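You will see two complexes here that share chain A, one where it goes with chain B and one where it goes with chain C.
And then the complex of A and B:
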């Protein structure tokens, strides 16, 4: 502190002697150093007072009292400043914790894309914030079936992430039952209904492809309908299946339906972050997506997903405001 | 992005008018307003959504919570004036089977099984 005070006194004396830009600049740089060393505002005034008294011993007592007064009132500025700094540190801690949580979520929710000759599979899931509210879960434990759940948790951020882990473990448990879509949805509904609060729920599309018969069986719990492109007709069909969102009521029954996949057919499953164009009507958005898919239909399933994301992002002027998830099964 | 809610109570009937956009940012405001309602046995709550220009799934969450609360209290809950866009949201999520909804007669809902 002694050293700092001596420096300050020199800089001040230079400035009083000659009020040049350069002398002022030296003072400003010096103050930056003091801030870095966490010197409080009232300490700086104290240094200023002592320096003035040393440079001008004949300074009137009234001016010294004035400095004392200023030092006292500046104490509160100092306190507020320290509070602000500790909030910044706290915020930084939270940010680090959020990063860790997001990493854990990503690790927990990793799903392995099935490798099979029966289907070409593509998948993309882009979160709008750190934590993804969408989730895709693949099941492929034998050669006969490839199943996929496309899940959107309502609510965002941390609560949604916690709910998602529950869905994931539910699905992991069901892996060994080789579940029919209606059964999978019924079991998950019971788990979620019991565990989450009234305004939280999950929409889910569950599809299972029978590799030997080329039959795709699907069911939906309040999820966006998937699209089925029939190459023989050159047309899209909406795979609609009525079913309540998961977690709203106990004991809900879910129906399931079947379609056959022929050569060149594909199924596009997506979340509402894909179909919802905030500034355009719902019917338009479906048409846009179908037209886009028609252009992309000769690419691989993975390329189709990636191109879809790029094109729709462009269309929405980079203002996508929801998590974006697409899964494509292509025969 | 704004939201405005106004209530009028007439004996046992509470009528609410919601205006604006319901999304992640405005939802907490709406939720708080609805939480403050005194819902008791025999009360009928009717929310008019005809002036809601946009709603995402967060909005659904709020109405599901209110529906559950009303059911628990043996009160009635109804949403009226749904535009076709909002109606479709309730349709897809299966909530239209559960809740009492009235679609705005000017805009018919069209849910096709096929599209070209």
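And then the complex of A and C:
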């Protein structure tokens, strides 16, 4: 402290003598050092006061008293500053923890894409923040069925991630490869309704493809409708299915519907991060997506997903504002 | 030599009396200007807490001036509602966010040592020390 005070006094004396910009610049650099050494504002004023008194012994007592007053009132500034510093450190710790949590979430929610000759499958899921609020779960335990759940937790960040893990284990435990979509939705609804806070809702689209009969059966809990491209007509059909969001009420019944997939047909399942464009109505965005899919229809399912992401990102001027998830089943 | 003095805290002006007593002792012991300001601020915060939250209580200031130890021990006692979550009041961002002053984390930073005993509906005793 003595050494710092001597340095400060020298810099101050130089400035008072010649008042150059150079002196001021040196002064600011010196203060930077003091801040790094955690010298508090009240200490700096005290250093200033002592330096002034040493340089000008004839300084009026009123000025010295003025400095004392300033030291006194600056104690609170010093405290606030130190509190901010400690909160910043705390924030950094949280950031690190968050990164670890995101890694764990990614590991937990890994889903293996089924390998089957019956279908060409593509999948993309890009989170907007660290923790993904969308989740895709594939089930393919035997050669007869390929199933997929596309899930969107309403709400973001850590609470959504915790809820997601529950959905995943719900699906895991019940091995739903052969489960009817309506049954899967009903069971998950019960699990979520019982265990999750009232403010948390989950939307889900569940589809099951019967490899032998080429039948796609689907049900939805308040989720975005999927799109079915019928190659024979060259047109898209919306696969809508009315159903309440998961977790709102116990004992909800869900309906299910069937479509047949013919050669060249494909089904596109997505979350609202894909269909909700800023400044455009839902109708417009559907048209944009259908036009885009028509251009991409001869690519592999995986390439279609990736191109769709790139093109829609461009369209929204690189500012997607929600998690983005697409799954494509292509015959 | 060790000497204790007590100031009752009932009105806001009693906070000033506690500060004055503390200030005199910091000067007698030879604390520098910055530490005078810090100790007095700590006393002020403790007294203010009593005045605002416990209605009534006291501040005891002990001046320790012996061969091997010089400093001050300040004890704030009240029969107020007590503190429910002790860990929380010692956390940054808790007390100052309500604009109530430096709070206990601030007092802790200003002093060398702090101890807190509290019991719901019976009151709180906070002991802080500062050594020269």
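In this section, the second predicted complex is superposed on the first by the 325 of 331 C-alpha atoms of A that agree within 3 Å, B and C clash if a C-alpha of one lies under 4 Å from a C-alpha of the other, contacts with A are read in each partner's own complex, and residues count from 1 in each chain.
Keep this in mind: a contact is a pair of C-beta atoms (placed from the backbone, for glycine too) under 8 Å apart; a residue touches a chain by one contact, two chains touch by 3 or more.
Here the structure is a predicted model, which means the values were calculated and not measured.
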Per-residue touch tally on chain A - higher for chain B or for chain C: B
Touched partner set for A:27, first chain B, second chain C, both or neither: neither
First, second, both or neither for A:237, with chain B first and chain C second: first
Partner chain(s) touched by A:159 [first = chain B, second = chain C, both, neither]: neither
Partner chain in contact with A:82 - chain B first, chain C second, else both or neither: second
First (chain B), second (chain C), both or neither touched by A:225: first
Which of chain B and chain C A:198 touches, first, second, both or neither: first
Touching partner for A:264 - first (chain B), second (chain C), both, neither: neither
Touching partner for A:245 - first (chain B), second (chain C), both, neither: first
Touching partner for A:290 - first (chain B), second (chain C), both, neither: first
Intersection of chain A interface sets (partners chain B, chain C): none
In the complex with chain A, residue positions of chain B that touch it: 23-24, 31, 54, 56-58, 60-62, 64-65, 68-69, 85, 88, 92-95, 97-98, 110-116
Residue ranges of chain A touching chain C (in the complex, touch as defined): 42-43, 46, 49, 68, 71-72, 75-76, 79-80, 82-83, 86-87, 90
Chain B partner contacts - residues on chain A that touch it in the complex: 152, 154-156, 197-201, 203, 221-225, 235-238, 240, 242-245, 248-249, 272, 276, 278, 281-283, 286-287, 290, 321-322
Touching residues on chain C, where the partner in the complex is chain A: 32-34, 37-38, 40-41, 92-93, 96, 101-102, 105-106, 109-110
